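The chains carry the letters A, B and C, assigned in the order they are written, with residues numbered from 1 in each.
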Amino acid sequence: MNRREFLTLSAAVTGMALMPKRLLAEEMKIANKGRFPETLKPEMSGDVKEYRLYVDIFKQEIVPGFAFHTLAFNDQVPGPEIRVNEGDKVRVFFKNKTQLNHTIHWHGLYVPYRMDGVPYVTQMPVMPGQEFVYEFTAEPYGTHFYHCHWGTVLHLQAGMYGSLIVEADDDPVRKKYPYTREYTLLYSAHDVNFIRNELNVMLTRMKERTYLMKSGRFDKKRFNLFDSLEEMKEAMDEGYMPPYVNNMRAPSGLPEPNWFTVNGKSYPETPNVYIKSGENIRIRLINAGGESHSLHLHGHDFWLVCDDGLPIPQPTQMNTLHLAPGKTHDIIVEGKNRGIWTFHDHDTRRVTNNGLYPGGNLMVLVYEDLPMEERAVGMMEGMKMDASKMSMLPKIALDE
Amino acid sequence: MNRREFLTLSAAVTGMALMPKRLLAEEMKIANKGRFPETLKPEMSGDVKEYRLYVDIFKQEIVPGFAFHTLAFNDQVPGPEIRVNEGDKVRVFFKNKTQLNHTIHWHGLYVPYRMDGVPYVTQMPVMPGQEFVYEFTAEPYGTHFYHCHWGTVLHLQAGMYGSLIVEADDDPVRKKYPYTREYTLLYSAHDVNFIRNELNVMLTRMKERTYLMKSGRFDKKRFNLFDSLEEMKEAMDEGYMPPYVNNMRAPSGLPEPNWFTVNGKSYPETPNVYIKSGENIRIRLINAGGESHSLHLHGHDFWLVCDDGLPIPQPTQMNTLHLAPGKTHDIIVEGKNRGIWTFHDHDTRRVTNNGLYPGGNLMVLVYEDLPMEERAVGMMEGMKMDASKMSMLPKIALDE
Amino acid sequence: MNRREFLTLSAAVTGMALMPKRLLAEEMKIANKGRFPETLKPEMSGDVKEYRLYVDIFKQEIVPGFAFHTLAFNDQVPGPEIRVNEGDKVRVFFKNKTQLNHTIHWHGLYVPYRMDGVPYVTQMPVMPGQEFVYEFTAEPYGTHFYHCHWGTVLHLQAGMYGSLIVEADDDPVRKKYPYTREYTLLYSAHDVNFIRNELNVMLTRMKERTYLMKSGRFDKKRFNLFDSLEEMKEAMDEGYMPPYVNNMRAPSGLPEPNWFTVNGKSYPETPNVYIKSGENIRIRLINAGGESHSLHLHGHDFWLVCDDGLPIPQPTQMNTLHLAPGKTHDIIVEGKNRGIWTFHDHDTRRVTNNGLYPGGNLMVLVYEDLPMEERAVGMMEGMKMDASKMSMLPKIALDE
C-alpha cells in the first residue's frame, strides 16, 4: 500500500482530533498548556536577570510515533520563552553540551555588537563543552526570538529557536485592544531526512577531524579550513577546489521540508487557542523556519497590530496573514463569532505530515462558551440526510 | 526532440496570440467574455437567495490540446461566481455527484460555525450522493471565495473554487475611485501529474474499502480509520504504524505545480482585461492556489484598495503585488497609458506551461482606444532596421 | 568525501571573510566599490540623454573558482546603472551581439507602449546582430530596473538586468531622512545547471533551424512556429501536438536555484554596506530574480520608505523585509548601533553556495567608526574561556 492510498483515509482518523467535545474537555485544556513554550525563570543578580540555556541533542516527537534526534535548547523544542520588561538588564549563560559549534542570535533586539551571536563576525563560535555569556539590555518592546546562528540551515530548522518577549508597562497594544489572554506560536518547517543525514555526517566528521589534528595529519585543504579568504585563494592557485565548485548537486541538495510545526508539534498535536465571546486575545506569531506561511483564520478578520515586534500605527484587518521567514507578527482576534474555527496555512502542502493530509500547522481557535448542545451530535443537524442510513460511504455501496 | 529544444521556439508561436490586431478584434472581445466566471442566478425563496452547486468530475482543457480530469463545481473551473449584497440571506444547496467526500468553506465570510465547511469540526463530510444545505448572511463586504475543504491539497488545486463577491450599496471603493468595469481573476497552480495520480488512487481505494466493509472484512488499522486520536494511540501501542511515520517519501511527495492558471486557463487562453483611456477599472484578485504570485503590471502603478475584501483606509500604489495563498486583493487601474501591457507573475517559472515559456498566468491589459495605425504593422516602426531584410534570423544566416 | 561532509567545515573558512580587521581595511573599501553597479555615462544629443547597451555572452565568476557562461549587458552582471532625473528624455541604443533574440523591458517606468519591450506585443524581438532604439521620458521617481523580456525564464536569471534610478531634485525621501550615502543592491537566484543546459540547447537549435530554413526544409510543426494561434489549432486538428502536452516532465523541468547573488556575486564576494554612527544611509533593494527573499538586518530596525519606487506616505519600521520577485523597496538605516551586522535572507537555503553554508546573499553592514580595540582580538573578550587552551575544538580532543 503506497502513501497515496492513505490520502483521504488519513483525513478520517485525524479529523476526529478536532471534534468539539474533545476540544472542550477539561483534560484537553490542561494538556494544551503543555503545547506552549514554558517561561524560563530568571535569577536576580543585583539588577540583572540571569538565565541559563544549554544546547544538547534531543529526541523530539512531532506527532505520535514520529520522532527524530535534533538540537534543542534546554531539552525543549521550541526552547523556553524568555519574557522580560523593556529596559531590563539580561544575562544569559549559554552552555554547549554537544559535539558541534553553536552561538545564539537575539533576533530583533538592539544588542551590543559583540552579543549578536554571528560566529567569526561578532564572536568565536561556542565550541563543544564551552560556555558563553550574553549580556544586553532588553529593547525594543515586542515579540522577538532567539536562535542558533552557526550552520543555520541545519541548526535553526533542527529546533534551536525560542521566543523572547519584551513587555512594556504601558503596553500600546493592550491599550488599544484590551486583551485578557495571549498565546505564542512559533512556526517552523523541517526536512527530517536532511536533519538526520546532516547530524550524522557532522558528528562523524568532527571525530575524524579531531583524530587527524591530534595525530598531526590535519590537512587544511581537505577540510576547507583556512585562516582567511586570501589563504583560500592562494590554495586555489595551487589547484585546490572549493567544494561549492562541484555542480553535480542533486536536487535534494537543499532542504525540502516535509514536516511543518507550531511550537514543535504537527497536527493533531498542535496547540489549541481558546477564546470566549466578547474577549480579545493576542497571538504572537513567529516564523522561525525557512518557508513562508499564509495563515488563514476561518470566520473572522483579525487585526494585524505589530510588525517584527513594533506596533503598527494604523492597524488593518485581514483573514489571511503572510508570515515570511524571520518575521514576527502580533494579531488581535476579537471573540465575535462563537464556534470552532481552523487556523492554518493556505498553502495546503503545509497542512500535511510527511505528505499526508491533514497535518502540519493545522490548528483551531476554540470558543469556550460553545453551548453544550452544539458540542457533540449537533454537528449533524444542518445536514439534509437520513441519519438512519448514515453508514460509511452508503452511496458507493449502492453504486456497486 | 526534448523539451528544452522548444524553449525559445514556443515563444514565437504563442507570442502571436497577443498581437494587437487580434486582441482588439470583435470576435476576441466576445470570446473573452467566456474567460471570466459566469454569475450564478439565485432563486428567491421568501427573502432568501437560493443557489444550487454540485461537484462532479470534469474534463478541464487548460490550453489547446491539454486536458485532464478534475473536480469542479457545476462543470466549471473556476466554479460560478456568487454575487450578493451585504446582509443578504443566502442558502446554497450543495450536491455531491462524485465518489469522494467534499464540503464547502466560505473563505472570508462570517458564517455561523456549523456552516464553515470543515469536515469533522463543523460538519460531517458531504459523502457521495448526499446533499448539504449551507445557510448564512452575506458579510462582510468584499472579494471572497468558496472552495472545498476536504482533502484540500487535492480538491482545492483540482478546481473546486469559485469567487464570492459581497457588494454594498454604498461601495467605499467605487466612491473613492469611480470605476466603470470590473474583472474577477482567480489564480491557481496545479501539479497535473499529482492530480491524475491522486484521483486514480482515491477512486480505486474507495471501491476496495466499500467492498471490504460490505463483506465484513474492513480493518481500521489497514485503513487508518479510528474514532478518536486516543483509539489510534492504543492501536499504536499494539504495533500499528501511522502512514506518516515512513520517511522514505520521494521528493515528489508534495505537489510541485507545473501549470499556472487564471480563471482555469493558461496563456494563451488567459482572459484579457480591457480598459479605455481615462477609465478606472477594478480587478478582484483571488489566490485559490498554493503558490505565491508576484504580479507585475507593465507601464502603470495601480492602487491596492482592498485586503481580503476589506477596504484599505489609505491605499498605496505599486506595480507589483505579492498575492499569497488564500489572499484576495482588489486593485484599481487608471487608464493613463494607452497601449497593450502584460500582467504576469515575476517569478517567471509561473509564466510557463509544463516547463515551456511563455505560458502560465501571462495575460494582458488592452486599451480599446488604441488607434488603428498602432495595431498592426506599426509595431515595427520603432525598430531601426531595414524591413526589406527582415526574414527569420537573418544574422545567423549571415554568420554561417 | 560528499558535499554534506563540508557543511560545517566550509563555515570555518569563509567565516573569516567577515573578520572586522579585514572589513575595515582600506584595500577592502576600495575593492568594495567594484561590487556595486557602475553608473553608465550618457552622451547628450540636444536635450536627450543617450545611452548605449549591448548584450553578449559573458563569463561570470560568482565566487572564487566558480564561473559560468551567461548573458549580460555591457559585459557586467548586473548591467550598468542608469541614473536619470525625473522628466529627462532618454534614448537607449540596444545592440544584440548574441545568436539569440532579446528585448529590454523598463520595469516600473511609464514608457510609451511601443517602448515596453515585450516581444510580439509591443515590438518584434531584437534579433541577432540587430539594434533597437528605446526612447522614453523618465518617470516616475524612484528605484526601478531594466531587464530582458525574451525567454525571460532563462534571460532574466542568466544576468540580463540592471538598475534604473529616477531621481528628483526635491527628493521626498532625502527630505524626511537626510541621508549621506546610498547603495544599490540587486538580488537574484540562479539555477546554474539550467542556465548551462538551456544556453547550449538554444545555440545548437538556432543553428539547425537556420540551416533548415536556408535549404528550404524548415517545418513549422517541428519547430512549433506558427503565424497565429488559429494556425496552431488547425495544425492540431491535423495531428500536431504542442510540446506542453507531454506530461512526462521531470521535476527538474523548472529552474531550482542553487546560487543566490547580490549584485552578481555570492558570499564571500557580496558587497559590504558601510555606515557611520549618526549617519542615515539609503539602500535600494531590487529583486531581479524569481525567488522571494526575506531580508533580515541584525541589531536594527530600518524604515521602509518606498514601494516599487513610490514613496510610502507613512513609513513603518521592521528588521526583516519580504522582497518578492519584481519588487523594489528602498530602506533607510539609521546608524544607531555601532558594530558589524549581517544582513541576509532568513530562508537560510539562500545563504548557501551550491548547497554549502555559508554563502548566497549573506552580507554585512559595517560601522566605519568601530574603534580599533574592537576590531581584532577584542572579539574573544566576551567569551568566558581560557584563551591559552583555545586550539581547534579542544573539548572534543579532551573527550576522546
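Criterion: contacts are C-beta pairs under 8 Å (C-beta built on N, C-alpha and C of every residue); 3 or more make two chains touch, one makes a residue touch a chain.
Every value quoted in this text rests on a predicted model; they were computed, and no experiment measured them.
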Interface residue overlap between copies chain B and chain C, same or different (over half shared): different
Copies chain A and chain C - rotation angle from C-alpha fit, nearest 5 degrees: 120
Between chain B and chain C, centroid-to-centroid distance (C-alpha), Å: 30
Shared-contact residues (touching 2 or more other chains) in chain A: 251, 292, 314, 322
In the complex, chain C residues that touch chain A: 1-20, 22, 63-66, 192-193, 251-252, 256, 258, 268, 292, 294, 296, 298-301, 314, 316-320, 322, 336-342, 345-349, 351-359, 364, 370, 374, 378-385, 390, 392-400
Contacting residues of chain B [partner chain A, same complex]: 99-101, 105, 107-116, 118-124, 126-135, 140, 150-154, 156-157, 197-198, 201-202, 205-207, 209-211, 213-214, 222-229, 232-233, 236, 241-247, 249, 251, 253-255, 287, 290-292, 307-308, 310, 312-314, 322, 324-327
